[in-house]
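Each of the next two complexes has chain A plus one more chain, namely chain B in the first and chain C in the second.
On to the complex of A and B.
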């Protein structure tokens, strides 16, 4: 996604990333001493006060509270005015929207929809994208996944429509009205940290299962990006243009509709692009609450450990993601080039005629030549299991034994108040007292939810995963920064990786490592490494050439150049990468609950699959959110405290 | 069809505003009289269930002309589907007295449709080779003695008890605590993962203690022995947190949504009549798992070979 603003697949828009200035020398030594003292204190306190890490009770007050909420909702769903006139109407309205979109797409038929998508791509984004869209949608038929793909597309489009309807006006408001922007910012922050999984249980509570709940969950997941990027686009409109229009006597409405929105349209197209990508990755996960589509195939295949079948669905999702991404990015690019209006009109006219003609043709997608990757992939997986078993098992057991288990037992046996105190102390040191306060409150909240042990287990898995992610990401990033040819070769892979929905990454991990915590770690690494590589590469490349030149002429070896000059100067980029990576890792580790990673992710799954565990599941969802805030705040300080706070 | 649905939903919104709010089931498809409405079958995540559903769906579609939609749902969520109208029938239900109380007695959105003919057994199992090497392992009292054998990277220094999908009917955590066993319950995440682990345990003689159940095709291929837990007595599993007894024997049954039952279509009557044996189910499960057949192929093969069994299910 080559965009003017920096975005990441997790949906966070980095408003001016990596703006780190040179490290401040003076405070550094003092902070280092303080840090050492704190570490010693923490270790001593841990040794004195450590607990025996009693397992969580399954009857915490928080669980009972959520259970009682659920019982109330169940009893009053069809009587309370809150539901009769509120929630249930939302559900009905969203169902209506889904039905309309569905009727539209299904009404076109196979040939019609393929033609329509290709035509839209052709007119908006040029012939190359048109061809890509055409081949991509044909591929759904060839894979035998036509209906599922269309269902996924229906849900994605519905959610995107809602996001745009809600997000663009909010974005404009946020950019134009100061207090709206100020109120929205922390809310959006939290929404973007929330892992996808945490949304599901509350959604089923309010909206029951099915398409409406899925679309609403997806919308909530995607809308922050819409709002943020819209706000960014509007605020970037040059004041001179606004000034000129005002001088000509434009009303405020004219200013908005004739000047601000049109001038921000490239950014708006980017907003739509990001919204679509996020929505797509969420829609796949909502299969867990009975949303139809490709996600169902993946869930089904994961349950049957049929990696091959899941692979087909994974390929279809990736194709859908790539097609939608290309159409919207290239459309955004084309808004800058002004075509002759006439030729565009003619193109559109021809396209409409072709689509109508195609819609009248009935082709059964099943009559296409069928191709499936299931058999070869399953053979490959079987072969790997047979021949690599010792190696993969060895890696898994080594990492679990020497990294994961010790860390987990330390965290689990830490008394909660000590953890909170440590978070507050180290947080203040790294990120300033404000961030530390929020982080410490989150930690206390986790303790209050009664899921201490599970939260600490999840945290341990996250920490190991981020450590490995950073090691791999930094090495690859540095390597790419030093070898241009390699960087060019790797870039398309990174591009593709960032368009894929997170769910897909579980598959290779499961194929290699079966069901365990380490599987979740591997999936998280695959998920989080691409953005880390990008940020690191950029950070290293942004080191001014004059500095590199100076170091070289002073006789630095390449190794010295890297360790003493490039890496220290790219610190901003590295720390930003850590912050980005950790939130993504958390999201993935939680999804790993589906494949044996246990802890909080498992609680969430169990919560919406077993009635008596509902309260615990909801509490786990909340604990995940708090954990996310904690990790984000602690690491956000990495880059924020070094640059001016915005 | 779709456009009718849209129109219906639109009129619903208008009419419901007039007469006092929308209920949670508003806007769902209503089965139209006479026409063969789509039958929505929930598919719970284990292969035995899939076998039932495959045969039922095949006969409904190919022999009776009903469109069928299968929905991958976990047990609890499938029951919620009765309320929203997204699910018409569950075709292999394991007990679930709590859900029956909520959805059948209290909410009155579902009804029992009689047994499937399958007897369900849930228990703790070990591979057969272990009983030869450690003859007393099949009594739970001796499990602590062997806890060391079952250690894995996931079991936190204790013995590993391998469980399945989080949505399955289980008392395992409570059993481990209440029987004071030195074990950790580790969830593999699915039936397929337990089966894989069990097969590995037999093939490579690896120790394994795991949650398993019948009907189950694997028992026809390999031997696993059930570990004796304190005998089940009526009501000993009443409080899920204090369970310290074995699982009861289950009479597996079918559940349908009230709406579907009240319409009393031939599809409903057919599902009501459906009844077969554990062996029948194991045959189809084996087709599905080991012969590389998909649902329709497996069902077709069974249906062609067992006409005498299924003919009486189809209402005249």
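On to the complex of A and C.
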């Protein structure tokens, strides 16, 4: 998703990287020596102390603790005041919201809903988007997935409503009240690196499985973007307009409602857009905690290794994503254009009449001509298995044999204290002691959870995936930066890729490589390469043209220009890309637990479905969060090496 | 007559623990040294002046001299550090937030260098904004706004959006917005600096016309001397936050108090600004003069014709009082030398 890109604007980071250059130069040699010494030490320590990598016990203290928490909650759900007067009301409230939205959408009926969505798109975003919405929603009927699509839409809209209700006021406060902003920032930082899976188990513990838990998990996932982008929009309102309104005697409330909010409306529309896209991506995943909708089709189909059926639902999700994205982005764009009020009123009036008329018509979506992607896709997958087996197996085995297995066995056989020490030492070197301390504590926490082997397996997969992602992403990004024509061709693909819900990326990977660890790596690469390409391209393009000109006039070859000028100067962009990429890769690798990647992701999924594995699942979720913090903190320092971020 | 605006010992210091600066030993340090010692920046230093009702009071100074800060202190858009301000006889610093809002709503309006229009509102609603936040009904405020737009020559543009207008027209909207609430005092912070020279001249004429028509008290900030001279009844010169000189255009050009002011006015054609009293000489004993004297308030340029053609020196009088005489020698010196020697 592009939310993190928006909220961590590259400009700021690049600036810092440039600043960091000067003081760093003196210490560079010293750091290099220290790095070498540390590596030698770590290797020696590993050779002396390595373990035989015993598998994780399935009865660790942490699991038992979480199980007992679950038992306590189950026993007290209807008696403890915390639940009676708090959590249970939240659940009832959210349930009510979902029911109202659901009644509204189902009440419109097939024809009514298609008409309503098209009309909204038409009025807010123009006739092209209206047409797109119309065809898109018809397609749900044609694909035979009408009810599932509406269910997904219901959950998404409910979560978006909640996120906007909570996120916009918080965003305004964060922008206007200094201590609120300062308090929220680190919280949002952590929330944004939390992989989707990690939210699910705690939500089921508090809210049971089903729609309310799904909506709340989705809201928690999406609301950081709402808050951040709202705050950004409010703080970007030109102070001159605010000052002029103040000089005329506006109250604080008048300033907010008549100046700040209206002037930030384009950014607010973008906040809603990002919230919707994040919410949709999460809603699909909440199928794992029994939320209805298209996600169910994918999960069930993947369990039966029916790629075709999963693909069919995937197509519906992509259509929904594209329609919602187009409506909101174009609506945001339209906020910049001044319309004649009257023509807009007339348009709205006609639209309402048409929608009401359509709502009175009963059409059964199953009476539409039906088409499913399942059969052709399954044929294709069969064909691939038949003809490409050698190639795909070759790639898979090569990567496993030369990258994944060696790395995994080293990590798994490293004693936990050596790992913690190595994280602390290298962390201090690249990110400053504060970040290193947090990273080392996370590492120690992982060890304490009793899932050492699984965590290290997941880590190995993540490292291999990020390595491949960076190689591919940097090559493509540099290429795009140097060839404008290519960049123009690739950009819409990248745009589209960034609006896809993450779940969808599993499908092509499964089609090619079946169920395996490698499938997760491929999905992670497909998922994370687009943002990496973007950040790298921007980093290279941001190199000042005067510098490039100077280097060319000194007689540099294109290759020298790239290696000696553009890449070193784009370092900030590259490192930011690595940081963003690694967080996305982790999220995807974990989801890969569904398609044979095993390790932590599988533990989490198993925790939902089998009662006796609940504690282990929750522990795995926590391990994922800690792994995320560890990786983020370590790479954060790349582009801010003077010290930890404030 | 009570002054419309009275400012006494006004200080504005930006920076940590700013309130300790005024009145202490630190107050006497030059700006740069104060900054180096305390990290505080004294944007306005111990400024006092009075503005009479109906007067056009111009504040002039180089960029960074504290003009914007000073004018914003008047309605506490920037909170002063110390000193007294009163508007219409009422002390501004003692006002409650509610009373202060009322002052801004009804008594004092401001026009900004960068217009500060609201891009999401049509011109009409921009002009009506001040009335809207006072709770005036829609019909009434639109009527008033239409009237103001006509006054500044923007009839027919009501339903455009600010970004559809040129810079000059946008500033006319700013002007109409300030006039819409019918305030007693208008504050202008370099309102025309962002405009092209030709349009700037138009707008200056517009302000002169409006001042003649509606007769309000104007405080006008500018860094452009020509603008100050054409508009100002009196001009205050600000340097590094301090008032260097306050006086009529003539006093500034004829008797700059120091080299800073002298530098400012050195390129002004003196004969356009100064009156005869600045160039008279004592009559030689027994010198014969023309019969008809000249009044002392005549601008030099307007007297050129007569003096040059006269055969004898002409007397300059202030009523009954004889100030001295002038002849072609004085005239030529005044016409030729723009650069008067700086007084010690």
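Rule of thumb we're sticking to: the second predicted complex is superposed on the first by the 618 of 646 C-alpha atoms of A that agree within 3 Å, B and C clash if a C-alpha of one lies under 4 Å from a C-alpha of the other, contacts with A are read in each partner's own complex, and residues count from 1 in each chain.
What we mean here is this: contacts are C-beta pairs under 8 Å (C-beta built on N, C-alpha and C of every residue); 3 or more make two chains touch, one makes a residue touch a chain.
Being a predicted model, the structure only gives us computed values, none of them experimental.
Colleague: Counting only touches as set out at the top, which of chain B and chain C does A:444 meet: first, second, both, neither?
Modeller: Once the two structures are laid over each other on A, A:444 reaches no partner at all.
Colleague: Just to be sure I read the superposition right, which of the two partners does A:259 touch: chain B = first, chain C = second, or both, or neither?
Modeller: second
Colleague: Applying the touch criterion given at the start, work out whether A:103 contacts chain B, chain C, both or neither, answering first, second, both or neither.
Modeller: First partner only, chain B.
Colleague: Could you let me know whether more residues of chain A are touched by chain B or by chain C?
Modeller: B
Colleague: Would you check which partner chain A:244 touches, where first means chain B only, second means chain C only, and both and neither mean what they say?
Modeller: second
Colleague: Is A:373 touching the first partner chain B, the second partner chain C, both, or neither of them?
Modeller: neither
Colleague: Going by the contact rule set out at the top, does A:306 touch chain B (first), chain C (second), both, or neither?
Modeller: first
Colleague: Quick check on the complex: what are the chain A residues that touch chain C?
Modeller: Contacts found on chain A: 240-241, 243-251, 254, 258-259, 262-263, 265, 338.
Colleague: Show which residues of chain A lie in contact with chain B when the two form their complex.
Modeller: Residues in contact with chain B: 58-59, 74, 77-78, 81, 83-85, 88-89, 91-93, 95-96, 99-100, 102-103, 106-107, 204, 208-210, 287, 289-290, 292, 296, 299-300, 302-306, 396-397, 400-401, 405, 409, 514-518, 594-596, 598, 602, 605-606, 608-612.
Colleague: Using the touch definition from the top, list the residues of chain B that touch chain A in their complex.
Modeller: Touching chain A: residues 2-3, 5-6, 9-10, 12-13, 16, 20-24, 26-27, 43, 45, 47, 71-77, 80-81, 83-84, 86, 98-99, 102, 107, 153-154, 156, 165-167, 173, 186-193, 196, 240-241 of chain B.
Colleague: Please name which positions on chain C make contact with chain A in the complex.
Modeller: 75, 77, 101-106, 109-110, 112, 114-121, 129-130, 132-134, 161, 164, 174, 177, 181
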